[in-house]
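Several structures are given next for inspection.
Next come two complexes, and both contain subunit A; in the first it sits with subunit B, in the second with subunit C.
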Partner chain A sequence: MRVTHQIEISPTSVVLDGQTIVVEAVGDAMLVELYRRYVCDYPKFFKMDTLSRLGFVAAEILLKETKVDAVILANRSASIKNDNDYLATISEGRYYPSPALFVYTLPNIVTGEIAIRRHVQGETSFYVLDKPDDLDPIIRATMSNDLQSSNLQTVLAGWVECSEPNRFNAKLQIIWNN
Partner chain B sequence: MVYCVGHNIISPLGRGSKENYESVKAGRSGLKRYVNRFADVEPFCASLFDTPQSFVSLCIESIEMALEECHGTIINTQDAQAVFILSTTKGDNLELLKPAQQIAHYFGNPNSPIVVSNACTSGVCAQIIAKRLLETGIYQHAIVIGCDLQTRFIVSGFQSFKALSPDPCKPFSPDRQGLNLGEAVATIIYTREPGEDNQKPAFWTLQAGSIHNDANHLSAPSRTGEGAYRCLMDVMEGFCPADIDLVGVHGTATLYNDDMEEIALERAGLQNVPKSVLKPFLGHTMGAAGVLETIICAMAAKDSNNTSQMLQVIKMLSGFGGVNAAIRIQCE
Partner chain C sequence: MEQLIEQLKSQIIEALNFEDMTPADIDADAPLFGEGLGLDSIDALELIMLLDREYGIKLSDPKSGKAIFQSVRTMAEYIQSNRTK
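After this line comes the complex of A and B, so read on.
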């Protein structure tokens, strides 16, 4: 297994393959700035929650020239920010449950957003783990050549975490099997 | 392949896999109509426990019962060679990692637990990652737990989607109106090598698993059943449709899901293979569904097998995020 590209995004910084990308905005606004700079033609971005926006822009920047067979992501707090947003729509006395918010109350939705955009009809998986390192054995086991009949060559894998508005971090990699 | 050496189900239909299986076989359903269960929520039909349950205690109880049933193989949960894998969508009041850690801690397990959160396919995906981790030698034993309890959060959300049927669900019927939610916990213990001194070392073996995204829509399945079809073709590799003895379908009884599954099954040539659908008995138990339904399908296959031949059983699921998953198990 080898990593060919990597991106790290925090609310104040973006580092692509070790090079800092200069951004003006911070937090959620920075994700919009990245979208406008690197994507631009996918208005569905504006319907996404922060976790999906984060994973989506990170994937878009990484996958410019690479097609992946699978998307395997993880984080620590699942979809808790979206869960809280949805809860606000069902508070007692103000009960208007929002289907648009409810759909984002699953962390694997971000893998679905990436799969739709990049036409990934291979595996998409989402794990909730204590720390990013815990994903390593899962990736190793998933990419193991001995097991895969469908032969995974390239995987988009990594950590996408968003616990509160404007608090997030992502570290995504393209991993090759040889 | 990996061996199932223990399993358990606790649901409104009973405590223990056998009690649940016998209930389903006798045609009993856990579905009831609830009028004032949650504030503001419209009346709904679901399979719920009579009294509120603690997520972690329920999981622990199920694991303990599954460990007791482990014939021939001693599983030491304190062993660093064992890993806990929890399949859940909404966990313990929206907490996913914490209950998994509490469960692993209770059993003295030193490893970080894995929570699989792949929407309604989680219970099958959890078995697939268990298989991979065991087969690559990263672990020796995996304790796979599926659990979800129904809350105001979940019921209101599915109602906002207009996905709930006000009456007991009717999977694959032309007049089906949607799904019913359900509560349950189920545990399967997989191991790489079962004990040698036992004549019947395992309940079944997990032979193949596959996960595919439709890459089509977040909350509606593909019209061509693409992801589900690909999963079926993967787990049938080396087999023809006539070799498959039973398919445990998802059968949520929503208009789109059942249509999609029918298309995927037909494309895979499985239209004439017997199907099992369990939602009218236990509701859609979300994170528990894949674990629970695998156990009942395996028991049903064994129960009806009056030959000495091995049976091939497929369990398939689909969920939000466009994800589909399937496994093939082999049982005597």
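After this line comes the complex of A and C, so read on.
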């Protein structure tokens, strides 16, 4: 396995293949800035929760030149930030549960958003793990699986975590199976 | 009616997170689904919630939705005739 490209996003910085990308905004607003700069033609972005926005813009920047066969992501807090936003719509005497928030109350939705946008028809999976390193053996096992390896040449894999508003981090890589 | 249409456009933009859009971008007579705004089934649920939350209208007959949600204008006409708040 070899890593050919990597992006890291925190609320205050974006680093692509070791090079810092200068951004003006911070936190959630920075994800919108990245969308406007690198994507622009996918209005569904604005309906996404923060976790999906994070994974989506990271994938869009990383996959400009590359097509991948699978998407394997993980984090520690699942979809807790959006779960809390959804809970707020049915709390404090109100009862207007938001359908738009409800559809993002699963962490694996972000893998689907990326797969739809990038026409990924292979495996898409999302794991809830203690720490980023725990994903490595899963990626290795997936890529060395005899049943899949003949068709699985490139994978988008990594960590996308968002536990609270304006608090997130992502590290995604393009990994080749040779 | 025109005032209600403008208010409804703003409420739709907020409810559906159309962050790049202003009320002037929405044609009151354009189809909401398919062409026009290109809304989907989740958006339809949000519009049903909007009618309940903002205007006290509960849609009990699913078949009526197709006519009500044809455009912003048909929504506004339905609101004017059926609002409870």
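Please note the rule applied: the second predicted complex is superposed on the first by the 173 of 178 C-alpha atoms of A that agree within 3 Å, B and C clash if a C-alpha of one lies under 4 Å from a C-alpha of the other, contacts with A are read in each partner's own complex, and residues count from 1 in each chain.
Just so we're on the same page, a residue touches a chain if its C-beta (ideal position, glycine included) is under 8 Å from a C-beta of that chain, and two chains touch if they have at least 3 such contacts.
The model shown is predicted, which means the values in this text are computed figures rather than measured ones.
Asks: Assess the superposed three-chain arrangement around subunit A: do subunit B and subunit C clash, or do they fit?
Replies: They fit: once the shared chain is superposed, the two partners occupy separate space.
Asks: Looking at the overlay, what does A:Leu172 touch: subunit B (first), subunit C (second), both, or neither?
Replies: A:Leu172: touches no partner chain.
Asks: Of the two partners subunit B and subunit C, which one touches more residues belonging to subunit A?
Replies: B
Asks: Touching A:Ala58, do we find subunit B (first), subunit C (second), both, or neither?
Replies: neither
Asks: What is the contact status of A:Val32 with respect to subunit B (first) and subunit C (second): first, second, both, or neither?
Replies: second
Asks: Give one of first, second, both or neither to describe whether A:Val14 is in contact with subunit B, with subunit C, with both, or with none.
Replies: In the superposed model, A:Val14 contacts neither subunit B nor subunit C.
Asks: Touch check for A:Val103: first (subunit B), second (subunit C), both, or neither?
Replies: both
Asks: What angle, rounded to a multiple of 10°, is defined by the Cα centres of subunit B, subunit A and subunit C, with the middle one as vertex?
Replies: Computed from the C-alpha centres, it is 90 degrees.
Asks: Contacts for A:Phe46 in the overlay, against subunit B (first) and subunit C (second): which applies, first, second, both or neither?
Replies: After superposition on chain A, A:Phe46 lies in contact with subunit C alone.
Asks: In Å, how small is the closest CA gap from subunit B to subunit C once the two complexes are overlaid?
Replies: Scanning every C-alpha pair, the shortest subunit B to subunit C distance is 7 Å.
Asks: On subunit A, which stretch or stretches are contacted by subunit B in one complex as well as by subunit C in the other?
Replies: Of subunit A, residues 97-99, 103 contact subunit B in one complex and subunit C in the other.
Asks: Can you name the residues of subunit A that touch subunit C in the complex?
Replies: 32, 43, 46-47, 96-100, 103
Asks: Touching residues of subunit B toward subunit A in the complex: what are they?
Replies: 39-40, 89-91, 94, 96-97, 100-101, 112, 114-119, 125, 129, 131-133, 135-136, 138, 152-153, 156-161, 208, 210-219, 226-227, 230, 234, 237, 319-323
Asks: Looking at the complex, which residues from subunit A come into contact with subunit B?
Replies: It is residues 71, 76-78, 80, 83, 86-87, 90, 92, 95, 97-99, 102-103, 105-109, 111-113, 115-116, 118-131, 134, 137-138, 140-142, 144, 146-147, 149-150 of subunit A that touch subunit B.
Asks: What residues on subunit C touch subunit A, complex-wise?
Replies: Touching subunit A: residues 15-20, 42-43, 45-46, 49, 52-53 of subunit C.
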